[in-house]
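Letters A, B, C and D mark the chains in the order given here, with residues in each chain numbered from 1 onward.
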Amino acid sequence: MNHENWSKLARIMSKRSLWMIHFCTGCGAMEMPPVMTSRYDMERFGMHAMATPRQADVFLVTGYLAVKTLKRVVQVYEQMRDPKYVIGFGSCTINGGMYWDSYNTIKDLSKYIPVDVYIAGCMPRPEAIMDSFLKLFDMIDKGEAIGWQKYHKYYDQYKRNQRMAFSYRLDEVKDIKEDDKE
Amino acid sequence: MMAKELFPEAQEIRKGRIRIETQKDKVGEIIKKLKDNGYEHFVMLSCVDWIKEGKFELVYQMWSYQYKEHVMISIKINRDGESMLSMRHLFPQIETYEREIHEMFGVNFIGNPNLKEFILEGWPHMPPMRKDFDTEKFVKDFYYKIPEVKEE
Amino acid sequence: MVNYIDLTIQILVAMGVTALGFAIGMLFNGIARKITARIHNRVGPPIYQGYIDVLKLFTKKTNISHGWIFDFAALFSVAGIALTFLFLPVAGVTLLSGEGDIFLILYLLAIPALGFALGAGASGNPNAAVGIMRALMTMLAYELPLVMVIIAMMVYYDTTSLAVIVQKQANMQWAIFIPVFFIGALVADMALQGMLMEKPFDIPIAPHEIASGPMVEFGGKHLGALMLYKMMGIVVETTLFVDLFLGGGVVLSVSQFGWLAYLVNFIVWFLLILFVFFIALLINAVFPRFRIEQALKFYWKYDAIVGILILIWIFVGVTI
Amino acid sequence: MTIQKEFELFIGPNHPGATGNMSYHIWVEGDKVKKAETRVGYLHRGFEKLMEKRIWMQNVPLVCRICVPEPDVNEAAYSMAVEDLMGWEIPERAKYIRTIILEMARIGAHLLTVGGIAASLGIYTAAQWGVGDRDYLLDVFEEITGARVYHIYIWPGGVRWDLPKNAKELITKVLDYLESRLPLYDDLIMNNKVFVRRAADVGVVPKDKAVEWGVTGPNLRAAGYEYDIRKLEPYAAYDKIDFEVPYYPKLGEYEVLSEGSDIYTRTAIRMLEIQQSIKIIRQALKDMPEGDVILKHPQWFAWKVPAGYAYTHVESSKGEFGYFVVSDGGKKPVRVHVRGPSYTHGINVLETIAPGLNIADFAPTAISLDVCPPDIER
């Protein structure tokens, strides 16, 4: 089998068996149990929650991230094996949502790790979550869910942003701004 | 004995809510006395930042299951670097409250060995719950300034 | 002189049977998840989910490794369990068998678990170390009652060969119909519960305690291999039980019915292992897990004592 | 492979045994926990800071996000504090509606917790059922309030709008369904021999220390105290409703199998409270008067709340949820301090009772204390 067909097969397989990392990063985790259980049952799609990042394929960042959590999220994300996908869950991962002026939550998740699908809403309904899964399947099928490749490609940019956020220091942000201008 | 009988200076601000304003050296004594007189549940220790007066108000709050009464013991300390004696020997959970107030307001509690980082991690600025810390400005200067990842 | 054609055929048959074992194992994974889902009031995944999962795991990229022992261990487990399967009479057919093979099977059953332990140990994760300690402890615990019952059967049937035990149970003279071995089957079924790592004995992989234990560092291809081992393990362990107590699924004799007998026996064997597995799943769905010392107590205090009583009963019965 | 005798384990933040996004750092010797430390702060959003920046009314949508499994208690406590400062008396019908909403939220949270305790010991079926059954409650919430999780229904001055016309039938239907399900939970969890063996006399909070350590709610009642804020200082319509407070050793239909204050008793108390809540809701639906549900406010967004201090507390499914609100007479609060029940349960109590526990019992103990990190760090 040539490489093209092989990767196509890989995509079909990984689409039908996405394992989710069991990491509740924010309050959005409250709508995950209904999705996992009898009402919505995501195991119909072959998805279920895994205890450790090594076994997981998809990372649902459920809600806002405090900087302290972001450190763990990055660690977990890096421990996951390629190909891996990220779903940004709720308004908080898009622009901060309710916590737009909170000193401790990052506002835009895509600055720190690549995000494949966003779900809007606070909090998103289980139907919206299921819909995002279908969207992700579709993207995997078409080969558009390439967040993990982006992470390898722009690794230094992601790392720089992460470092800045972890430091909480205004001067670091300014330094980078000046570097960019030069 | 109820709080009003124990301390004549106590004022009833609402039904079942007693407020005692006192000095910081008397707090330990009052809490001890209340604890021995049926006020056995320590509810919480709060800190209020009265920036115009330049004071922090520490509010020790206790509840009596017996009298169904909530007592707030309030003291004021100077905002700039005045420390307070730790009350952790009276109720174990005070230690955690003091740890949080130390982190969020910068109040130092003498005699509490466990004042390490609690909620934040590596926070280099002034304690964030102080009134003069402007969270909106910080967010605009920091999170919004972090550049987006540029894709070539 | 070696007959190369026969040898080749034998090798091909062995490979085919192994592949069949893996295929059934993966199917069982899907069935298990479907049944569990129904108990949970859910729809559950499609029945072929096991195949997709394993294939997906083998297409994953490997970011890191924990050294060659870690890589080797997964293969070790898969090879060990496949070898065990070849030694078991499946629907009355034994590929690699000789005298005294029960001991060999019991010994072989420990090998994949050791491989698993080796890999988990090499991963260096404390959760894995706790998990492995628990896994080896449970193994130690359930083997005692199981061996008691098996020795009783060996005494009763006067053989140490599993194939012979299966033969002697032909024509529906299954061991489970003998009252004392019915109790023996219950004892062995509890041991089976531990072998299958189902509740209440899923102590080694308890996710809420040690984050899936030994498997904590396994991912991608390594996990794929481990899943193959676990899936095949279901087939091997249930087959052992069926061989011992349910006549190995042999209902028609090959000498009388020829190829039809192979087919029917195979189907009966499949249904029987499915049934045994189904019971294990039902127990799994409604019980919490034991603590490790409670599991040891259960196996050594109740299970093993019943096992010893059975052994004494049989021994006295046979000698008198 | 070296197996050390002593090692460190991190339970969380990415761990099924952690109760939400928090972490326990435990030092283990053999199988026994030697020392435990709770690490929180992963969910810190600075609510109290944000509340000082927003006007009184804008804070209602914020407060409900403090406790995710049971958001309504926050709205209730905050609203009560504002009403306290304003000196408002809310309409009678609003009190009954609040009671219904709070009790429904309690049932939902208890179903989650009981399922969580069972799942941490390995009965995943119970967790699946619990969450599945809770979803029917969320449907009713959606019908009444318009949202599944964050309802923003209880406002200062009453409730946002009246119950829909068919609310009574909807709620009764769900309650009937839940009542028919409860015996199944009993069979699966409470009457399960293995569960009793795992849960009885494990994770014991010393009874004589419970009050001093700030244990509240079902955990305190499991330790043998009949303390319930709904009875001690009735809010909403609890003073007009006849209900019982289950406490150790009055475990009703469940056998007393332990010394109390353990995982088993805490689970039993929660199961009994579900029954009581069903009873309360039925009674409130029956007794509910007609009338207004919210006070006629002058200006929603221009309230000036009189200066003063207020402390209000409600009985949540986890324990005492308290709001300490300070106003200087302005449009915004000077300080809102939230007392979450997990603050004491999750940090001091758990750290103190952890040494000596088996590793296997650590997660069930934490979950049975119903530690919920968002109300620790807010």
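We take it that contacts are C-beta pairs under 8 Å (C-beta built on N, C-alpha and C of every residue); 3 or more make two chains touch, one makes a residue touch a chain.
What you are looking at is a predicted structure, and each value in this text was computed from that prediction instead of being measured.
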Completion exercise
Comparing A-B with C-D, the busier interface by C-beta pairs is C-D
Exercise for the section: Please work out the Cα centroid separation of chain C and chain D, and write it as a whole number of Å. Expected result: 44
Problem - Length of the line joining the C-alpha centres of chain A and chain B, rounded to whole Å - result: 37
Exercise for the section: Express in whole angstrom the distance between the two chain centres, defined as the mean CA positions of chain B and chain C. Expected result: 60
Completion exercise
When centres are defined as mean Cα positions, the distance from chain B to chain D in whole Å is 24
Completion exercise
Shared-interface residues of chain A (touching two or more other chains) are 37-38, 51-53, 68, 101-104
Handout entry: Sequence positions of chain C contacting 2 or more other chains
Key = 40-42, 207, 211
Practice task
Identify all positions of chain D at which a residue touches two or more other chains, and write them in rising order.
Solution key: 15-16, 41, 44, 46, 49-50, 53, 128-129, 132
Practice task
Identify every two-chain combination in which the chains touch.
Solution key: A-B, A-C, A-D, B-D, C-D
Fill in the blank from the handout: Within their complex, chain B touches chain D through residues 13-14, 16-17, 19, 40-44, 46-50, 59, 61, 65, 68, 70, 72, 91-93, 95-97, 117-121, 128-129, 131, 133, 135-136
Exercise for the section: Quick one: which bits of chain C touch chain D in the complex? Just the residue numbers, please. Expected result: 39-42, 117-118, 121-122, 126-127, 129-130, 132-133, 199-200, 202-203, 206-211, 285-292, 294
Fill in the blank from the handout: chain D residues touching chain B in their complex are 40-41, 44, 46, 48-50, 52-53, 84, 211-214, 216, 225, 227, 232-233, 308-311, 313, 320, 322, 324, 326, 334-335, 337, 339, 343-344, 347-348, 352, 377
Fill in the blank from the handout: Contacts from chain C onto chain A in the complex sit at residues 33, 37, 40-46, 49, 52-53, 55-56, 59-63, 207, 211-212, 215-220, 223
Handout entry: Complex contacts: residues of chain D adjacent to chain A
Key = 13-16, 20-21, 41-46, 49-50, 53, 61-62, 65, 68-69, 112, 127-129, 131-132, 134-135, 138, 148-150, 374
